[in-house]
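Two complexes follow with chain A in common, the first pairing it with chain B and the second with chain C.
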Partner chain A sequence: MILSAPDRYDVVVVGAGLAGTAASYLLAKAGMNVLCVERGEEPGTKNVMGGILYRQPTEKIIPGWWKDAPTERPIVDERLWLLTQDSMVQAGFRSARYGEEPYNAFSVLRVKFDKWFADQAIAAGATLVTNTVVEDVIRENGRVVGVKTGRDQGDIYANIVIAADGVNSLLSKRAGLHGELAPNQVALVTKEVINMSREKIEDRFLLNPNEGATIEIFGDSTMAMLGYGFIYTNRDSLSVGVGALLSDFIRKKINPNVLMEHFKNHPMVKKLLEGGEAKEYMAHMIPEGGAAAMPPVYSDGILVVGDAAGLSNPIYREGSNLALISAKLAVQVCVEAHQRGDFSAHALSRYKTLLDESFIMDDLRAYSKTSQFFQKKPEFLEKYPGLLVDALHELLTVDSVPKRAKQRKILRQVLANRRPWDLAKDAIGALRSLT
Partner chain B sequence: MHAVVSIKQVPDTAEVRIDPRTNTMIRTGVPSIVNPDDRHAIEEAVRLKEKFGGRVTVVTMGPPQAREALREAISYGADDAILCSDRRFAGADTLATSYALWKAVLKIAEIEPIDLVLCGRQALDGDTGQVPPGLATRLGWPQLTSVLKLDEVDFAGRSIQVHRAVEGGVEIVKSKLPCVITCTREINVLRYATFPNMVRAARYQPSLWDKTDLGIDDESQIGLRGSPTIVSKVWAPLRRQRGTTQVIDGSDPQEAARSLARILMGEPAEEAPVVAERGTDG
Partner chain C sequence: MQVTQPAPGSRVEEKLYNVRFKTDEDQSHLIVMDAQMCARCTDKPCTTFCPVNVYKWETGDRKITVSYEKCVECGACRIGCPYFNIEWRYPKGGFGVQYKFG
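Here is the complex of A and B:
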């Protein structure tokens, strides 16, 4: 048999998730010879996302994408729940403005969306090879010049490698960009897709046809671990999940499946899921370290994008947008590097500069602060939800006690649990960490 | 050497759903794969190519989505792939399918003479194994079915010797070339696609041949019209009665053995320290 010469590409992208496919699409559009390698049988089969994709950042890749792409429901109602064992405090925002063009966000099922997204990249001229695991980078004289796949004759050479292989990126580890992630830098999320009829979803979540809702659920949903649960409405299913910091699972010796069962069986949650049929079960890690945990995102011949670069802002449920925007910036740098014929770390450092100048790093620096603050203050999860629920319970119980007496009682209860000085410090600290 | 492999895209599921009205399979929404026996036929053809040189052409009849099966065949090392697709082919039984494939094989042979046609023994969905014999009959070529091994292949001498699986044994048969061979899964061990072939497959666009391309004028031979087979009834065999599983605590082996013996002897289960009990699907 004739052995074909090793292929050579302008750019090889590892991973066909949001970041990898966006990069492949934009590179192909820019006329570059791009190959994308995905380990799953099809794009979207190996990744896990809660399931909300934002309209505006995605339009930076494909304008008007939502008109063609397979989406589930536009989100018109975003709710926040704080749970204790038997009670719930809720807040939310619902607007008819979100139910019409140009929309704000959509629930999506990644198996469907990613396939469509990859088809756009292929139509633009990218080559996508699935079912193939990239196992290592190829180095020459210390610089990355390609990747090794697990297949025969599987060495691929490229001017630039884009690592878009997700959280805990094997490739950036092999490239020496970072070591193992610390348990407090990643969350572990378990998710189920639960089938339910459209009518039932619309009735239960108070939605008009083709409207969607999200619920983020804090407090008892995570057994006092740092994290949250969520319920998102799809067309005829719900995405239901819960996650917490890996270090908290370890510290509290809680098994993720136990947490998921605990969450689904909370009386407030159970009622919403009743009669649904679990269709898929999945689990994944989410980068949680913010800016502080980010690896170097470039080196000679390699750029790191999306989750692989630790780009995620879980408290605002952002990650997909950061993946897309980082891919766009990386592509800009790839194009410039090819114009100059310079693929050195120095040339590629421009990617970090662009990231720094974008909203991404600003948000991620803030997120580091938030995450670190709440990690140091377990009382926020362990004490405050209960105090708040007790206070509201006292206030709203009609029992012929004067309101002033009730207020005094609430204050006494709070102060019995936390000294005034600590309360003030917590309040200021929380505000600071969030702003 | 020019080998043609005729393949079929089949639904990838053990639970094939049947349309209760038409008694035919519902294929929408079910992921598709290359029929497992056909993968071995492709592999065997590629092995012949590696040994003797030449080309492997893969052909299938099916809807446009069957392109994916052909791409997969390219990734296993086939050189060319042809999709015979036409609305008028729809509803074909094995007779009408073998007619369209016969026309396709004739047309391929016009481009380059064929030494042998390889097929899988039978398809995962229909399980009839009738298309390859139909094809051989229409071609007027010998057919070697259920082949376990290609023993001696002599392209110059235009002959082939194979091992066939027969009831209770193996039959060694010699035949003239060209012929039609149907492959069992024992014929070879599948290999993973090489990376260059994966790239080639990702970019490959199979040729599309419709009724006119195949030179078919007589529509009574193809599709539903050319299919005398009538499926009168399809049903799933009854499920066996549900049994129960008893888990015996194994911390004390002797006691566990005693418990097992008691259960096997048909003594009441209550006496045994059964720690869990759950139903299973037969």
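Here is the complex of A and C:
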């Protein structure tokens, strides 16, 4: 598509990921003149996530979306594994309720989903231009009044720019909102899509036809780095990923693909992947600094949404929902600003207020606490999984030793590794950081 | 000592056969700004943490080579270079990695 310059819009949205497309869709629905600029060939081709999209938050954008959208499988079973080299402790929650309408969550493949999502925005009246990089903001009198694209005569003017350009958000840095994230404020994740027949997936994961499962895998999956691995079932493939803080990769001098191979070759993971055929390898960063690492999310003429604003809550596997809800709040503020004709930082600060009042900031403040606590406590990665496995091993091995003697032995073993006072502090600290 | 070969399909270079790229033949979107800086950098972490091994230290030339054509645009090098010595841009519109699944 050729842009006739200078183009003027009510709002220009940078990036056709979940947040950008949701914003474009809602703005178009509200009758606004909106342009969405995407650097990929098609929406989705640059986008990666683990692969879980939640039903309820997505309905805040498009009610009943899951009836039409290309989803993979509704998730009925969520499992948690803690691995050591040769053992596993597992927990999980499965409910038949999640297998019927209105569902809780779906696995998705972003290239398919994002294309569909963008089509909905276009049908609602948004204009989408692809193959176009936004290189900078345009300023007049200190205010953001548009964006410069990499095209000839590619300046685009708008009353409000929405930066939805993902975790790297070069645009919010250009706009002066953002410094650089620190290596301990991002996770680096690699993921592979591995083909497998539907029947095999359903047999292996104990699923009824078209039901899905997720497994989050802690412990030995990350070579004692702060992070986790995952396996999600798609229709006829698995999404298999593992990641950790970038600062941990640097400190431990571990290559992400080496970690991926370590993860895939753990005996208990390997068994699930056996016979699958790898179809795509990808890498992506996740903002993991919580509230503490968030940039200012507004300024004169600009709003920042989704990953670009650092909105993710990895411990609860949330990010896509925060992107969608932040886009909805940003759109609400855009509409109000247009009604008043006021696009100043003061008017747009309402977006921050709405974020603060929503569950998003409450969760992200809590997450900052969690992340900071576990970064300071390598014991949770290096010591406790092994102690727990040894304790269970002792307890569950039937060897004609009285149970009370076994319990004493376990206690001695734990205390030999960590002093009682430190144990108590760790336990209380972990609980506090999670609540 | 037994030398173990990497399992077939386990190397990044093999995994990238499946990934679609549209390479900008004219210019790299990744630029090491000061080659001297890399020579002084002791750990050269970019040669380890890059998920697709874009960066390689050439002992003879005493510089980092940049295989930008296999970059998957994660951005880790922008943040992870201890000297912020990598100028990181997006590839030109429509170029670079083009995922099929995501």
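Basically, the second predicted complex is superposed on the first by the 430 of 435 C-alpha atoms of A that agree within 3 Å, B and C clash if a C-alpha of one lies under 4 Å from a C-alpha of the other, contacts with A are read in each partner's own complex, and residues count from 1 in each chain.
Note that in this section contacts are C-beta pairs under 8 Å (C-beta built on N, C-alpha and C of every residue); 3 or more make two chains touch, one makes a residue touch a chain.
Small disclaimer: the values here were computed from a predicted structure and weren't measured.
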item: Touching partner for A:V48 - first (chain B), second (chain C), both, neither; value: second
item: Partner chain(s) touched by A:Q85 [first = chain B, second = chain C, both, neither]; value: neither
item: First (chain B), second (chain C), both or neither touched by A:R151; value: both
item: Partner chain in contact with A:Q56 - chain B first, chain C second, else both or neither; value: neither
item: Contacts of A:T353 with chain B and chain C, given as first, second, both or neither; value: neither
item: Contacts of A:T132 with chain B and chain C, given as first, second, both or neither; value: both
item: Touching partner for A:L35 - first (chain B), second (chain C), both, neither; value: first
item: Contact breadth on chain A, by residue count: chain C or chain B; value: C
item: On chain A, positions contacted by chain B and by chain C; value: 131-132, 149, 151
item: Touching residues (chain side chain B, partner chain A) in the complex; value: 49-50, 192-196, 198-199, 202-203
item: Parts of chain C lying in touch with chain A, wherever the complex brings them together; value: 7, 9-12, 15-16, 18-19, 22, 43, 45, 48-53, 72-76, 78-80, 84, 88-94, 96-102
item: Residues of chain A that touch chain B when the two form their complex; value: 1, 4, 7, 35, 122, 127-129, 131-132, 149, 151-156
item: Touching residues on chain A, where the partner in the complex is chain C; value: 39-41, 44-49, 109-112, 114, 130-133, 149-151, 167-168, 170, 180-183, 186, 188, 190, 192-193, 237, 246, 249-250, 253-257, 261, 265, 278-285
